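The next part holds the structures, each set out as structure tokens.
Two complexes come next, and they have one chain in common, chain A, joined by chain B in the first and chain C in the second.
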Partner chain A sequence: MIRGVISKLGKGGVSLKNYKCFQRQSLTTEWLYPSYKQPGVSFSTSTCCGSKDLELTSVRYNVERGNYSKVTEADIAEFAKIVPNRLVTDADEIAGYNTDWLRIVKGASQVLLKPKTTKEVSAILKHCNNRHLAVVPQGGNTGLVGGSVPVFDEIIISTQLMNNIISLDDLSGTLVCQSGCVLESLDNYVSEKGFIFPLDLGAKGSCHIGGNVSTNAGGLRLLRYGSLHGSVLGVEAVLADGRVIDCLSTLRKDNTGYDMKQMFIGSEGTLGMVTAVSVLCPTRPKACNVAFLGCTNFADVLSTFKSAKGMLGEILSAFEFLDHQCIEVVEQHLDGVKSPLETDYPFYVLIETSGSNAEHDEEKLNQFLESVMSKGTVQDGTVATDMTKIKAIWGLRERIAEALLHDGYCYKYDISLPINKIYDLVEVMRNRLEKTAVRSVGYGHLGDGNLHYNTTSREFNKDLYGQIEPFIFEWTAQHKGSISAEHGMGFMKKNYMRYSKSEGAFDLMTQMKQLMDPNGILNPYKTLPKQY
Partner chain B sequence: MIRGVISKLGKGGVSLKNYKCFQRQSLTTEWLYPSYKQPGVSFSTSTCCGSKDLELTSVRYNVERGNYSKVTEADIAEFAKIVPNRLVTDADEIAGYNTDWLRIVKGASQVLLKPKTTKEVSAILKHCNNRHLAVVPQGGNTGLVGGSVPVFDEIIISTQLMNNIISLDDLSGTLVCQSGCVLESLDNYVSEKGFIFPLDLGAKGSCHIGGNVSTNAGGLRLLRYGSLHGSVLGVEAVLADGRVIDCLSTLRKDNTGYDMKQMFIGSEGTLGMVTAVSVLCPTRPKACNVAFLGCTNFADVLSTFKSAKGMLGEILSAFEFLDHQCIEVVEQHLDGVKSPLETDYPFYVLIETSGSNAEHDEEKLNQFLESVMSKGTVQDGTVATDMTKIKAIWGLRERIAEALLHDGYCYKYDISLPINKIYDLVEVMRNRLEKTAVRSVGYGHLGDGNLHYNTTSREFNKDLYGQIEPFIFEWTAQHKGSISAEHGMGFMKKNYMRYSKSEGAFDLMTQMKQLMDPNGILNPYKTLPKQY
Partner chain C sequence: MSMRVLVGVKRVIDYAVKVRVKPDKMGVVTDGVKHSMNPFDEIAVEEAIRLKEKKIVKEVVAVSCGPTQSQETIRTALAMGCDRGIHVEITGKEYENLQPFHVSKILAKIAKEEDVDMVILGKQAIDGDNNQTGQMTAAVLDWPQATFASEVKKNNGDLTVTREVDGGLETINVKLPAVITTDLRLNEPRYATLPNIMKAKKKPIAKKTVADYDVDISPRQEVLSVEDPPVREAGSKIIGNTV
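Now for the complex of A and B:
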């Protein structure tokens, strides 16, 4: 018996009661996945993190400058030779490159360089290394942990003009491009040949592939296509001393020696600057469906996940969850954004399928929904019938972060945990902060074991902050989780590494940094605790 | 119009003419994938590589011993404390560990140690490093490039007794186990919980997961589940100095610092000895189909591959090809093994699908076959209807290597190339060796761009060998291929690294080895050219 089904045909979807009648969706590729700009770019500075006149990172976080040289006239003259007319020293023009979009960090760089070629990057780094000048590689500057912004006067090397697509093999789907290509442009480009870029995330309209690779970005398609450690076939990077490391293979298999490209994936530009990548792009699915479901408790969410893995199998492309507090904050702060379900539930699940045959996908989804409804693990739900509805449902999930900022100040955590422990953390934190926080919410990529835990206050509250950290990291460590699932360490989290990594692994990382960047000029104050 | 269809219902399959009538296959998990023991183990030594009394590697290949210490009585006493009753010095018992199954290499080790725990491995390596004693880690000893066998008197550290399964998360599918677990046992174990091990290869009945990870084994499921760089979530390894590097994460996402575990994947035990791994196991598909097709030329094979990617999409789990010369050698040397097609074709394609819904998979396969038959890119074919037939077809493909050995001596090459260039190499070599070789054959994992090129002579022929190498490596390098797709460098290929890797990448590897194993005690004479 299917329980708790409420018809809401007029409200942005099709009730599960009627889900059998929905129309086959054969989508054009351009609509296959939602594309959202990062929510922050449209904010006024006063609503974003509660700070209009942002303090310098070095002041706010009391950082000591490393013993690097300062840029001289002679250095500027040298840079002008390497990147003629692509050297910026105007303070106003550099301002945007000195701050992140979340406005949590602010640097004081006075030099911005815009190379076009690997050779130019090599010449810049060689000079900087010889002169002991610190640098920060910067892509789209869309990071969430302050990894791409200078802390002091590091020279900014932007990949903005390194935006050439080099090749696309239309048999294998292997794309080769420079590191400054914008993710969304790459996805559009490969879609014309019937492929899909294996990475998708909210910032796709601005982020650069070089930054994605350097931060091992996760995002919405990881459940289906795996991490960049698998789908990146090749990397070209420049070491601190200017040596070009050409591991730009386009082969799916290559077991000739150590896989050195892996060291540049996720090391946040601290071991080398990524200048080009090759990526294996899968065949683009022809069909897409999205279901939004209500559950009574978290155990039912887990059970629904298990059923989805079994019954949707190879077509399952996203399994996201959010708690009711997420819906509350979105409905409170964002005009026109509403839950597509009429009744409230403690938990919601967003499921996306994508595959090569729309009818088969629908049939699998129908069978799955019948099963979870009859078992009672899902109480109610809606299946999106067209791309407007699909986008609306994805929008609800994607705009939680934006809505939370309207509370005043938002403390953001990006945690990996064993899947069955994932919501325990939210409950523990909610109880702990009950008296001081405005609210605590939990949502994220359940299929990947990735929780986004967020709590808010009217303004930055040092006591509350002290109640959260380091407790949240300790709890995560006790439960064998990771304190950074997909955002990376950057500047903001570098000191908490030991909560997630063993001493042995940490020592090896430190040795690695020493080996590949002995002067520590590459993106200092980031990733690893103090080493400069 | 469907052309060239020949009915052969009685011959091990269903003609394409009648393929619409075949029965739905819902397979039990134990039958889902064929499991073959490595063909070599049943050979008599006289047929295998034409050598009964195998020369020592050091003699045959004129190797100079590194400046390592020799094992003393005091060392033996120390080892006896670390692994009581698991220390072997009996020459007969060690003999099998001193030779590979292909019988291409032979070492002269006099000490074999069988630790059970990571702590014991750590104590062994610490002692060896202090004493400057060389070691070779050994798993199932099923490698094809002499990577797991000593060259001189290296101490063999076997993972044979490190065969405990530590945990399986039945929600996420994450398996954690010691490095000595046999691949097939792991696959059987996870299948009971509805998962599939993401790696499968001919030697699955003997090879150890530690060896698979250390060699970045590719195999039959790579097309579907990707490489071990993506599916291995964690590695525990012991460095040369005995330090235990615990990167045994069970999390799908963990961006806290450099992904050091990647350095142990594919480095053939030269950077550390893998003691435990955690692997993400996907949901086991419920249905499996195999089609064997005949094509007139290689362009049609490529076109068929493109169609398969588009039409079979997410259920395509293998796309293998073989040329007619492969069928010839199999039919000539192996009793009862025959092509399932009545007519000969220059090329054959083996396609496997696996998915969560048998009816949907059949429908997709039927639509695909209709399409390629009507386009004329496929001339004829058979679709296997039950597991006996599926195993027979896979057996034909898998036993080519065995059949070739019956010619006398086989020169084996494992090459990656851009897919559209893959067969050019076979044609170039066949013309080049026309007068001296018995035959040249080409087969392999087309979907991964991986060619197995093999040529044979009655006995080892130095002139022929000189006509093959280094020409084959030069040709591969010119066409941007890799001289080792999945077999690794081991002892046999280490000197050819530069054909596939840039100077910069090679230098970095050398630095890496120096950093992680400064005394060079770990698996010397392997992977990198002389560094001891």
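Now for the complex of A and C:
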């Protein structure tokens, strides 16, 4: 069973690089995500942050190195045998892999490996496990909680060259691919056959599907297509000792025993390294409309949401909200991006509909818009039906994170809350930090009860950090929220897991880690607090 | 001022859509493909509305020649701020064979009938890339033309137009009535606001046929074959020192 998959990876795959239709597509989106393109390379020095060299994570957060071996010449020789010519030890070249694009964490790894096959990953991990060498799996390195960046000298295993598409079933829409495929390339690939990838997020131009699955990424289409726990049908992963776990099923239904693939979805590479996935892709909607609306208060945003659910029901594919501070930061820092509305409003709502019949959808959308306008819950707005405008409006929402970085340092929080409480947190925090922070903004996936609260300062400020944490987690726990809705725990949030998880669940997680990675070599210092 | 402006709005395959050649190589696939207003026509609409906002123009009329769905394109123009629309319905084979030569004759007739002082058109449509309709319309009407405009200013009874030409900008004066075609840098088209989208539904669109204008649209040319552009071959890296 295991061998079957490896041989498939070796031969039958379609290399994305040779796939001709991407040229036009990537041109149209490149301008949307310029800074994600080469994580850490193009803007690691001075472009947006103006700060000097980033402090090492281990120094800033006072981390103690685990009891791991150090890489020796003999290890390097062994790696060179496993991944010939795909072993990097040049410090300049590794620099981009040692830090994240947000510039909040920095490691000191000296070895980067770029396997192409599951077999190579297995051989690498087997060696590392025997030698007690710590590793960190890395995809597109677009994470927001420092989960994919080494803390000390962990060996980086990049999925960059594992970018083969293995198969796409025309009938069911099941896509099987290696873990290093870039999300946007996958969406382009399946769209040629009339499907849509069930996941979409701002970093789609560089994030890898393996990383998406490992972090259970949520994103913009979750409202419509659900979480990856549902749409991922199969996972192939390599355990710490090199064993390949083949759960690469393409079946919709499979109740034979424990569903082990779920262990690798959202465990951030601490239980195994994902090497291939199969994903169920729904049929691509033919018609797409985007409306951008202005509201005078948050109660109106909520009432608009209620109307949207009632009147747009099955065609509603995204319901995002952002406050005026988001528009301000985007307009201030990004060229050519501005609100499509002439007047400013305290809150904005972005609604996307996708359906199979453009006329029906438009009629529904018009009825909905007439209703919310006449009720007065929406003051003004615009509707985009051509792709250029649709992209421009989505760009406004998707580029908030990028714009915030231009303030200097960004403190990011990704919180799940009951929908009616969701903006209270922003107001509480804004009052609390009024004197120290440059700005506080709130936006997110309202339809999923997911708030992105961000605050910025000129540079990293320990006092400000202390004012935010753990207060924000305590507040969230009090209001029955989750301290990480979709970003994961990574390095930044791992110590706060108990705010959202019971002792029993936490103990079981620790035992699971013991069982699957007894030496703790997989992505240490992440996800779980304590010794891991 | 009581000037009246006619703008042309063509419905074309959306700029962001990957165009595909039909299996019989006689055209491109349009069924089920997203269409929107030709981007240069959007600029024409925006310019006309700005002239209206400056009180230079009293009324803006949007015209589109094409199938029933062209009315959506006119509706978009009305939502942006045009006052009324004219839809000249041309479908099927006739529409496939429609050329700038035919459209310019129809536009000229409408310009006369509506007694407009100015016709603003996109410099070209992004589907045919002909760049002919504006020039031909001016010729049929025997009006002056100012093509590739990047700035339009009213100057007593004349228009001062800055044109994007090879190697720089050219500024010319044209007497009214005149035909203007828009270039990319003329303006940045607005988003239609919700209240205006609602209002646009009530604005009138006159439905016409080619017969109403007595224009002969029999084909003047025959499509022999439509081909995909050649696939670009992958480049190779040259290793060596840069100078």
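We take it that the second predicted complex is superposed on the first by the 479 of 532 C-alpha atoms of A that agree within 3 Å, B and C clash if a C-alpha of one lies under 4 Å from a C-alpha of the other, contacts with A are read in each partner's own complex, and residues count from 1 in each chain.
To be clear about the criterion, a residue touches a chain if its C-beta (ideal position, glycine included) is under 8 Å from a C-beta of that chain, and two chains touch if they have at least 3 such contacts.
Computed from a prediction, not measured in an experiment: that's the story for all the values here.
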{"item": "Touched partner set for A:Met373, first chain B, second chain C, both or neither", "value": "second"}
{"item": "Touched partner set for A:Val105, first chain B, second chain C, both or neither", "value": "neither"}
{"item": "Touched partner set for A:Leu302, first chain B, second chain C, both or neither", "value": "first"}
{"item": "Contacts of A:Ala403 with chain B and chain C, given as first, second, both or neither", "value": "neither"}
{"item": "Chain B versus chain C as contact partner of A:Met263, first or second or both or neither", "value": "first"}
{"item": "Which of chain B and chain C A:Leu293 touches, first, second, both or neither", "value": "second"}
{"item": "Contacts of A:Val121 with chain B and chain C, given as first, second, both or neither", "value": "neither"}
{"item": "In the superposition, chain B vs chain C on chain A residues touched", "value": "B"}
{"item": "Shared chain A surface residues [contacts with chain B and with chain C]", "value": "286"}
{"item": "Residues of chain A that touch chain C when the two form their complex", "value": "18, 20-21, 23-25, 28, 286, 288, 292-293, 340-342, 369-370, 373, 378, 380-389, 391"}
{"item": "Footprint of chain A on chain B - complex, ascending", "value": "169, 171-172, 194, 215-216, 218, 222, 226-227, 229-231, 239, 243-247, 249-260, 262-263, 265-267, 271, 283, 285-286, 302, 305-306, 309-315, 355-357, 360, 363-364, 416-420, 445, 448-450, 480-489, 493, 497, 499-502, 504-509, 511-512, 515-516, 527-528"}
{"item": "Residue ranges of chain C touching chain A (in the complex, touch as defined)", "value": "14-18, 32, 34, 36-37, 39, 76, 191-195, 197-198, 231-232, 234"}
